[in-house]
Structure formats: C-alpha cells, structure tokens
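What follows is a set of structures to go through.
Heads up, the next two complexes both have chain A, just with different partners, chain B and then chain C.
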Partner chain A sequence: MTGLRYVYAVCRPFGTPLQAQLTGVAGDPPRLLHHHGLVAVVSHVPERDFAEGPLHRHLEDLDWLTATARAHQGVIDALTVVTTPLPLRMATVFRDDSGVRVMMEEREEAFRRTLDRLQGRVEWGVKVYAETESKDKETPAEKPASGRDYLRQRRMKVRSNEDLWQQAETFANRLHETLSTYAEDSRLHAPQNAALSGASGQNVLNAAYLVSRTESEEFVELVDRTKGEVPGMRVELTGPWAAYSFSGDPASGDPVSGDPTQKEDR
Partner chain B sequence: MTAIERREVALVDLLDRLLAGGVVITGDITLRIADVDLVRIDLNALISSVNTQVPSPFGELL
Partner chain C sequence: MTTPSRVPEPWGQGSGANLADILERVLDKGIVIAGDIRINLLDIELLTIKLRLIVASVDKAKEMGIDWWEDDPALSSRARHKELARENAELRERLAQLEPARAEEEAQ
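Right, the complex of A and B next:
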C-alpha cells in the first residue's frame, strides 16, 4: 500500500494504547513510527489529496479544511490523554516512512529539548470580547437623511465606543499581565474576526498560556474569577490544548509560532 | 486535573493553533508557511466578499 505520510506529532514512547476507534486525517487510523527513541504519529494519506498541488487547493476549501482540522485535532487530543505530544503544523506531509525517519534524525535534539520543556504542560486559550455590538443593537440608528447626517451619527457612535475601547484595552492588558505571571509562558494570537468566529462583540485579547497540568485547576479558577468583573467584557476560556502555541524551539532558530518569518516574494 | 466540560472546539480557535502553531517542518511535500498564510488571507477575502453584499448606508441616496 503506497500513499503519503501525514505526521501529526512527535512524542516520547508511551505505554497506553490510543483509543481503538480513532480515525485520523483521510479516515486512516494513526500509526506509531518508532525511531531513535522517539515516536512519530502518522497517517497514510492518498496522494490525490495530499500531494502539494491538491493539498494547496484543498486548504482553500473551508469544508475540507474543517474536516481535516477536526481529524487532526482528534488525534492530538487522544495523544494528550496518554502523553505530552509535540504537535506539528497542520498538513506536514512526507513521501514515505523513511522521509519521516530522516526528519526525526535531523531534528532529534530539538525535539527532545522541546518535549522536555513541554512535559506535563498544557495550553489554555483565553479571549476577551468587548460587547460593542449588543449596545449598537439596543439603539438602532435612525435612517440617515443625508451623507452629512450619516457622518454625524457615525461620529457619535465612534465617540461612545472610544470609552469602551479604552476600558477593554485596560482590562485585557491587566488580565494578560496577571495570567502571564501565573503561566510559564504566553503567546498572543491575532484577534479573531467576528465574521469567522460568529462570536458577538469585538475580540480584544486572544492569548495562549502554557500551564502545568497540576496547576491548571488554579489557572482555570483564576480566569473564572475575572468573568463578570467588568461589565461589557466577556472572558472565554478554551482548553486544555496540546501546546500548539509553544512548540517552537528557540535554540534551533525555529520561527516562534504565529510569526511567519519565511515569507517569500511572489 | 479537573474534568472540564469540553464543548466542541470552535473552528477559529482550532485554526489559530493548527495553522499558526505547531512545529514547522519543511518536509518533502509540506507547504511552506507562506502558503499556509494564503489560506488565512483567502478566508478573510471570503468574509469581505460576504460583507460587501451588505448595502451601504448611502445606497438610498444615490
């Protein structure tokens, strides 16, 4: 059976078997490829979908992207139950097992360093939303009689929103500071577009925190306490995640997650 | 660890991590980061194209 190799994560060997009914990307159950004392978690995927050309086209197809992202996450989640996986970027594909082995050898040192750093830790996502839109809905603007009228209405709306912005920024900064002190590491993601997330309000903080499992309960309580602290601010917690946002290895010059440094001209 | 109730993870939260996080490896077929960035840009383009269908407030005046 040929096919390409889709790699989800690299881990240290773990004793507990993965749940039996787990299906990975392209419906292929994840397999464990042991090499040099490390394990790559791999699915066999068809070339017609995962060679560079088709893959590139698929990634722009929201339905395909969704299904693949969910399958990828399903495997990472299952791994998180039995070990601390080092997740790879989505759509990391090799021609065959030996390609995967070569990669593991080349990166062995960095993998070990990062796995040590992440051992026993999980990622928590914290987002803050300023509820601007609900306010707008309460006071539906009268239909502007003219362009000038429209601009006047708009200016008033902007002014009332400015206060809220100030408040939101202060709140988000303070929360991030508090959580960063508590967490071992933190990353700021770009605020989410409301049209994509479907969430109400404006996303003013979208952060990830690396926290040890044993301290996670306290971290969650810390976040929960800030909910409802300031009216108009909504705090959302997601996780625990595998440490996606903390998988870069500074020592080997890896780009820090979320920092696309290898942009090329087109 | 506490048993935290897991709702289905929102796609945006997932993509924040899968497309911007994780170890970046230039495999033999792997897309480059720049390629993956395109995905985000395309999604944003998709949104703005949806938004342009919302009529402008000046529509009635023209």
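Right, the complex of A and C next:
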C-alpha cells in the first residue's frame, strides 16, 4: 500500500464495470473504494508528484496541469457513461484509503443529497460566439487623409462594433432564456478567451445546463435548431458532461453552489 | 444501483470540448473537499485567473465588459497598468496622425 490516494468522484454503487483499459492521473487505473453504501473512485498516485511540495510546483506547469486535467476528465467521462458521478475538484488527495473513508463518513449526508439531486442528469455546455471580422483588425485600416477623417473612420468602427455586440447580446440572452426554461438548472460561466479555447470569434455566452438524460436528445435538437439562425452568431454545444457545474450542495454552504444557506456541522 | 439510459452517441464523450472547457470544469467546478494534501484552494483559483490573464488580451476582455478581476487587489494594478499602456499607445498614435494633418492645414 504505497502512494497517495487521488479521488475523482463519489457515486452510488454501479453494476457496469468501467472500461478495462481506462487509466487515470499518473497512469494508474481508477479503483472503486466502497464505504457506507457509497463509492469513491480513487487512483494511487506517487508521493514524488502529489505530495504538497511537488503538487504546488506541478500546478504552475501548464503542460502537467493540462495532462492531469485531461486524465481527470477522462475518468469522470467514463463514469458518466455508467452512472451519475459527483465530480470532485482536481487534485483532491489523501494519505491512504482510511483518509478517504473518513472523508466519506464526514460528508455522507451531503453526498447523498447531491447525488439524489443529480441522479439521471447530465450537464450540457452551450457557447455563443460572435464572428468578428478578425482579418479586418490585422490589416491596418486605410490611411486617413486628415485628422477629421481619422476620427470619422474610428467612429464608424466603434459604431459597427457596438451594433455587433448589441446583436450578440440580444441573441445570447434569448437563447439562454429559452434553454433555461427547458433545463432544470443553469449556470453562467465567464466567457472563454480565444487563446486557450482555440475558437474563433468572441465568446459572448458560456453557459451550462442541467438536463435529464431522457430529455437530452430534445435539448440537443433545440440547440441545433438555433445554429445558423442569426448570421454572424455561432452556437457550440459540448457534452454530455458530468454535472460539474451543479455539484455544489446548497445545504452545506459549498462555495460552488454560490448559495450558502447554512453551515455543515462537522 | 443506477441504470441510466444512454445519451445519444454522436454527442457522447465530451466531443467538441476544447481545453478551456475541460480546465474550467476540472479546475473551477466540481465539489471542493480539503484532502490530506493541502493545496491552498486559493492557489488553484489564482492559477486559473493567471491562466486567463496570460492568454487573454486585457483590452479585448475589457471591451466586452469582463473585468471581474478588477476586484482582486493582487491583479487590479496589473490590469490598470495594461489599460494605461494601451491608452497611452492609442493617444500617441492619434497624435501622430493629427499632427501632420494640422501642419498641412496651417500651411494652406
């Protein structure tokens, strides 16, 4: 029993085995730790990478961070196929199995409550991009003949940008409204920047929707129908994700929920 | 025991998800539990902010009204500085454009 324990998620016991070739962070296959009628999904990870010091250093390393985040998401994804996992934030690490068990006991009630709430539901991500004429920005504008000309050009540019944002905002608001009525819950995330996402255009809506599996097909169709509805607006759908954005437990004052109503006594 | 019905395959397995989609969920969302290995959660939060700042053009973000980091004293001075530098550059450019035009007008 060497190494530390990296916990991906907590779920209820499930019958379908995980795919055999699945590896988690640090290349270790995820194992199921049953305790008190719940399951923690756990990998063994080496101290040299996941003890406090090394972990701190690694988190500053974008390549390590990316690989670990992908591995984490890979396990959560595999779990989502067979059950409804409650995903933990990346890099939740314990000394040993008994540390994991203690944590499960302490949080048992909250876990059950949240798992009940999320049961049979998945998260869909919807993003709207306003397609800006990026070429326009790179090629220098026509050389203004005078100061007045310069100001006129500038004013026109600002105005056309304003129009575009106005249009994008209206479209994004309307779409979010429609999808929110359909979904059980929704969250608005900060717009993504292009350098990290690699997407073209300006991200004007970045939202997550909690939808039951049985209604997911309809939800996907609903989103698909809005594609190409308004020229210059691009709608992107991702998922199904585990309900990452909805995993906060309002009753335990978890910051993720953004609505701490009471403190968990522990 | 759970037996969820499967979701339509074409959209399965997080297809179409980019790195930002994955990072924002794995790093920012998900339930927060303090493990035995203490990584200061603030570190992760600062890290994601840093990530965004490194790759984001502050100007563009401000243009879109994304200025939530302004509330963070650790970051606001940097953001202010960048904005000032941008404004400065823009004013210089404008001045450079205006001056020859004015000289021309005066010469007439």
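The working rule: the second predicted complex is superposed on the first by the 233 of 266 C-alpha atoms of A that agree within 3 Å, B and C clash if a C-alpha of one lies under 4 Å from a C-alpha of the other, contacts with A are read in each partner's own complex, and residues count from 1 in each chain.
Operating definition for what follows: a contact is a pair of C-beta atoms (placed from the backbone, for glycine too) under 8 Å apart; a residue touches a chain by one contact, two chains touch by 3 or more.
Remember, predicted model here, so these are calculated numbers, not experimental data.
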Clash or fit: chain B against chain C, after overlaying the two structures on chain A? clash
According to the stated criteria, A:Gly120 is in contact with first (chain B), second (chain C), both, or neither; which is it? second
Mind working out whether A:Val93 is in touch with chain B, chain C, both or neither, as first, second, both or neither? both
Once the structures are superposed on A, label A:Trp165 by its partner contacts, choosing first (chain B), second (chain C), both or neither. second
If you stack the two complexes on chain A, which partner ends up touching A:Ser197: first (chain B), second (chain C), both, or neither? both
Scan A:Phe14 for contacts with chain B and chain C and give back first, second, both or neither. second
In the overlaid three-chain picture, which partner chain does A:Met103 touch, first (chain B) or second (chain C), both, or neither? both
Which of chain B and chain C A:Thr83 touches, first, second, both or neither: second
Please write out, lowest number first, the residues of chain A touched by both chain B and chain C across the two complexes. 4, 7, 50-52, 55-56, 59-60, 62, 65-66, 69-70, 72-73, 86-95, 99, 103, 107, 114, 125, 144, 146-147, 150, 189-190, 192-193, 195-197, 213-214, 216-217, 220, 238-241, 244-245, 247-249, 254-255
Counting only contacts in the complex, chain A reaches chain B at residues 4, 7, 10, 50-52, 55-56, 59-60, 62, 65-66, 69-70, 72-73, 86-95, 99, 103, 107, 114, 123, 125, 143-144, 146-147, 150, 189-190, 192-193, 195-197, 206, 208, 213-214, 216-217, 220, 238-241, 244-249, 254-255, 257-258, 260-264, 266
Residues of chain C touching chain A in the complex: 1-8, 11-33, 35-39, 41, 43-44, 47, 51-52, 55-57, 60-61, 63-64, 66, 68, 94, 97-98, 101-102, 104-105
Please give the residue numbers of chain B that touch chain A in the complex, ascending. 1-2, 4, 9-25, 27-39, 42-44, 46-47, 50-51, 57-58, 60-61
Chain C touches which residues of chain A in the complex? 4, 7, 11-15, 50-52, 55-56, 59-60, 62, 65-66, 69-70, 72-73, 76-77, 81-84, 86-95, 99, 103, 107, 114, 119-120, 122, 125, 144-148, 150, 161, 165, 189-193, 195-199, 202, 204, 213-214, 216-217, 220, 236-241, 244-245, 247-249, 254-256
